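Have a look at these structures, which come just after this line.
What follows is chain A paired twice: with chain B in the first complex and chain C in the second.
Now for the complex of A and B:
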């Protein structure tokens, strides 16, 4: 073994395969991010609803899909749902019959559960006085939500959203267990062919690292753009007031999370 | 719905229980090590040295930007080769077990997160705490142990709880390196009985119950760590002058 454990020829040769894997990883990230977010809004409203049964139902959803490890969710959807006869006969089998569909479903549910908490925390952080002022001005509830609450909530929750997206991307690495050839699976198969434990895994790690940091940079720019009306430097610290002080089982906005 | 006999079920339950113990052991060992290293690294990175700072940035960036699964695979498959490079002929013959690979990987990854939390908490402490300790000629070891770190733990607790629950949810990944843990046992039981739904839901519930329990305990710990502030009106502990 020479000093560096990386074999440059092998790394160069496996680039096309790794790029294919990266494409799958990106698709498996983008789709659940969209679906999860779309799902998170109604669940978040249910969670904040004054109807107790609705709030409890939403809380149960969040507790289960946040608390269960992603790997188990994936196994549950992939192996478990096939057991249900009605589903196997039904039209949704196109979705649940393929590993890809199962991975999308499991990842979306998991992401939605996390996003409910991020959304809820951000919405609760919007000062109540602003909402009252808007009501006093006779703005309709829908317009208050779209034009007053959401723009502020996005600013408060951006950091938490970034953390969630980053940890979500890293979480997608497990989809190889249901035979999807994502970046990790490609690296693994190269390892199995060559028995070089370092080159493929380190290359895949570099790809993930680049993807994650691209997302971080993107969020940084987005945050800067959202806070362009604020003084430089102040913008970076728009955190939810008083939130980090209390121990909360929900997402600690502004905290570093894995 | 099920066609399991009671005896069969009891057998699988025993296997799942044994798996759960392995998972718990892995989790607690990794968290303890990650915590110890994280606090040490967090303190070390406060040094003004440029080199220390650069090394820390690179380390944190790498392990916060790469999936833990890859780190586990790297230590599991490449561990003996790495040991061989460090320890020579002797090291190359040591085989890394999945358990050891998991502990090493989680320690390396999560020490970075904990160090980041500890750094942030130390930087948020009023400077007067350090100056006061120095003015009273308190030796550094006692200053850290009795003055700084207790306050750091109070500030870092919410973040630590986050890391705790995240790490718990990542422990099943080690089963992909071949560890016979709770998830591996559930998978075997699910395959053998053709009842995957029940076994995976039960496994998920075990994880959820454990997190719920640890949140409870964390709440107690928070009360205890906050005891210095309890006489203040709760709710707003401002950075007041400690005269």
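Now for the complex of A and C:
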């Protein structure tokens, strides 16, 4: 050994396997993010409904799936549901019979529960006056939601969403307990084969770090684009040179107020 | 002259009436905000409503376009009786534009996009036609040079003029103003009042809640004084200011004209 905790040759040799694990991690992140978000919308509407029973039902969903540890949830879906004979013989067994399907279901439910609250908080943050102004213009409730409330809610909720996505990615590491070889599982198996704890685990950590930061940069750009309307976000003009020029032209004509 | 004097010219000519309010009652819990308001507004009439805070003047005009739902009495706008029915409410909102104290512009849209949204959504205008329409009305509020700016880059007076243009883009026959200059810095009040005076000269029906008594004198066909959810006195601007009949109006005028 060369004094470094990392064995460069082993690291280099492990790259293909780690990339395969990364692929699984990305899929196990992307699919539940999409499914969970799609599920979160109707549950959020139910949670905000004036019908009490509907709101209570949605609240119960959130309380349960946010309260249940992801690991326990995964065990319940993977081992627990398999005990139900009707399910084993039904069409859904294609989904619940595979560890991958179970992981997707558990992760989606967990993500949906968190997203209901992120979504609800963001929608509640939209100023009432702006909604009233839309109503006074005769815009329908549906269009107000699509064109006024959601665009503003996305801006208010972006940071909370980013936090949720980042911690979610790291949370996917638990899928190895149901035999899925994601990034963490690959690193662990290399460790078990070589008895070198540092090289594979630190390499996996670097992969996670890169993935999380890629997402952070993506969110940063998205947020900057979304908040181009804020006066302090002058840098956003640089992204759209035409607009910056147009602004300079118009501000020559009119008085500019900070 | 006291107690909502009926407008003689309008009697027996319902086609000439823009708004007919009779026996309007509104409660907030046990608090009576409006206690039986009767008011008839002719087409093209310009009415200024004033009164101490909490007198129900904002509530009154907010009932007209159903931003507040009334508990009793009736409101007829351009022949349409306001009911709880969603379609009827939409019909009335197409006839009535509103300008708010706090502008309530869409922060994520530029000035011109603020003006284009409702015509595009409600009337199915193409982007090009909506843009032409928006530019026309931005010109009427003298803001063509600020059209591509976001609200956060505009002064309060400019924002309120955009809000007026946004309401005009739906080409309403009636305009409601809810203290349009109360949130403005003093030096910006006149640019907004100037635009409102130009509008008044164009023949649109206007109901304006304001404490700008100079504006009332110059523009109003009729001034209405409210207190404790009732119309205490109403009359033409000259007699309203020069010869108030009720003690409450005399006290009020003494307070604000001091």
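Assume the second predicted complex is superposed on the first by the 229 of 258 C-alpha atoms of A that agree within 3 Å, B and C clash if a C-alpha of one lies under 4 Å from a C-alpha of the other, contacts with A are read in each partner's own complex, and residues count from 1 in each chain.
In this text, a residue touches a chain if its C-beta (ideal position, glycine included) is under 8 Å from a C-beta of that chain, and two chains touch if they have at least 3 such contacts.
Computed from a prediction, not measured in an experiment: that's the story for all the values here.
Participant: Does chain B (first) or chain C (second) touch A:140, or do both, or does neither?
Facilitator: The answer is second: A:140 touches chain C but not chain B.
Participant: What is the contact status of A:197 with respect to chain B (first) and chain C (second): first, second, both, or neither?
Facilitator: Only chain B is touched by A:197; chain C is not.
Participant: According to the stated criteria, A:54 is in contact with first (chain B), second (chain C), both, or neither; which is it?
Facilitator: neither
Participant: After the superposition on A, what does A:151 contact: first (chain B), second (chain C), both or neither?
Facilitator: Once the two structures are laid over each other on A, A:151 reaches chain C alone.
Participant: Once the structures are superposed on A, label A:63 by its partner contacts, choosing first (chain B), second (chain C), both or neither.
Facilitator: The first partner, chain B, only.
Participant: Taking the superposition on A as described, I'd like to know which of chain B and chain C A:31 touches: first, second, both or neither.
Facilitator: neither
Participant: Touch test for A:130: chain B only (first), chain C only (second), both, or neither?
Facilitator: In the superposition, A:130 contacts chain C only.
Participant: Would you sort A:229 into first (chain B), second (chain C), both or neither based on which partner it touches?
Facilitator: second
Participant: Jot down the residues of chain A that show up as touching in both complexes, chain B in one and chain C in the other.
Facilitator: Common interface on chain A, chain B vs chain C: 246-247, 255-257.
Participant: Quick check on the complex: what are the chain A residues that touch chain B?
Facilitator: 1, 5, 63-64, 67-73, 75-76, 79-84, 166-167, 170-174, 177, 184, 187-188, 191, 197-198, 201-202, 204-205, 208-209, 212-213, 242, 244-249, 251-252, 255-258
Participant: What residues of chain A sit close enough to touch chain C in their complex?
Facilitator: Touch list, chain A to chain C: 127, 129-130, 132-140, 143, 147-148, 151-152, 155, 226, 228-231, 243, 246-247, 250, 253-257.
Participant: Under the touch definition given earlier, write down the residues of chain C that touch chain A in their complex.
Facilitator: Residue list for chain C touching chain A: 65, 67, 90, 93-94, 96-98, 100, 102, 104-110, 117-118, 121-122, 145-155, 158, 163, 166-167, 170.
Participant: Can you list the residues on chain B that touch chain A in the complex?
Facilitator: That would be residues 61-62, 64-71, 73-74, 77-78, 81-82, 84-85, 109-110, 113, 116-117, 120, 157-159, 161-163, 166-173, 175-176, 183, 186-187, 190, 194-197, 200-201, 203-204, 207-208, 211-212, 215, 218-219, 222, 235-237 of chain B.
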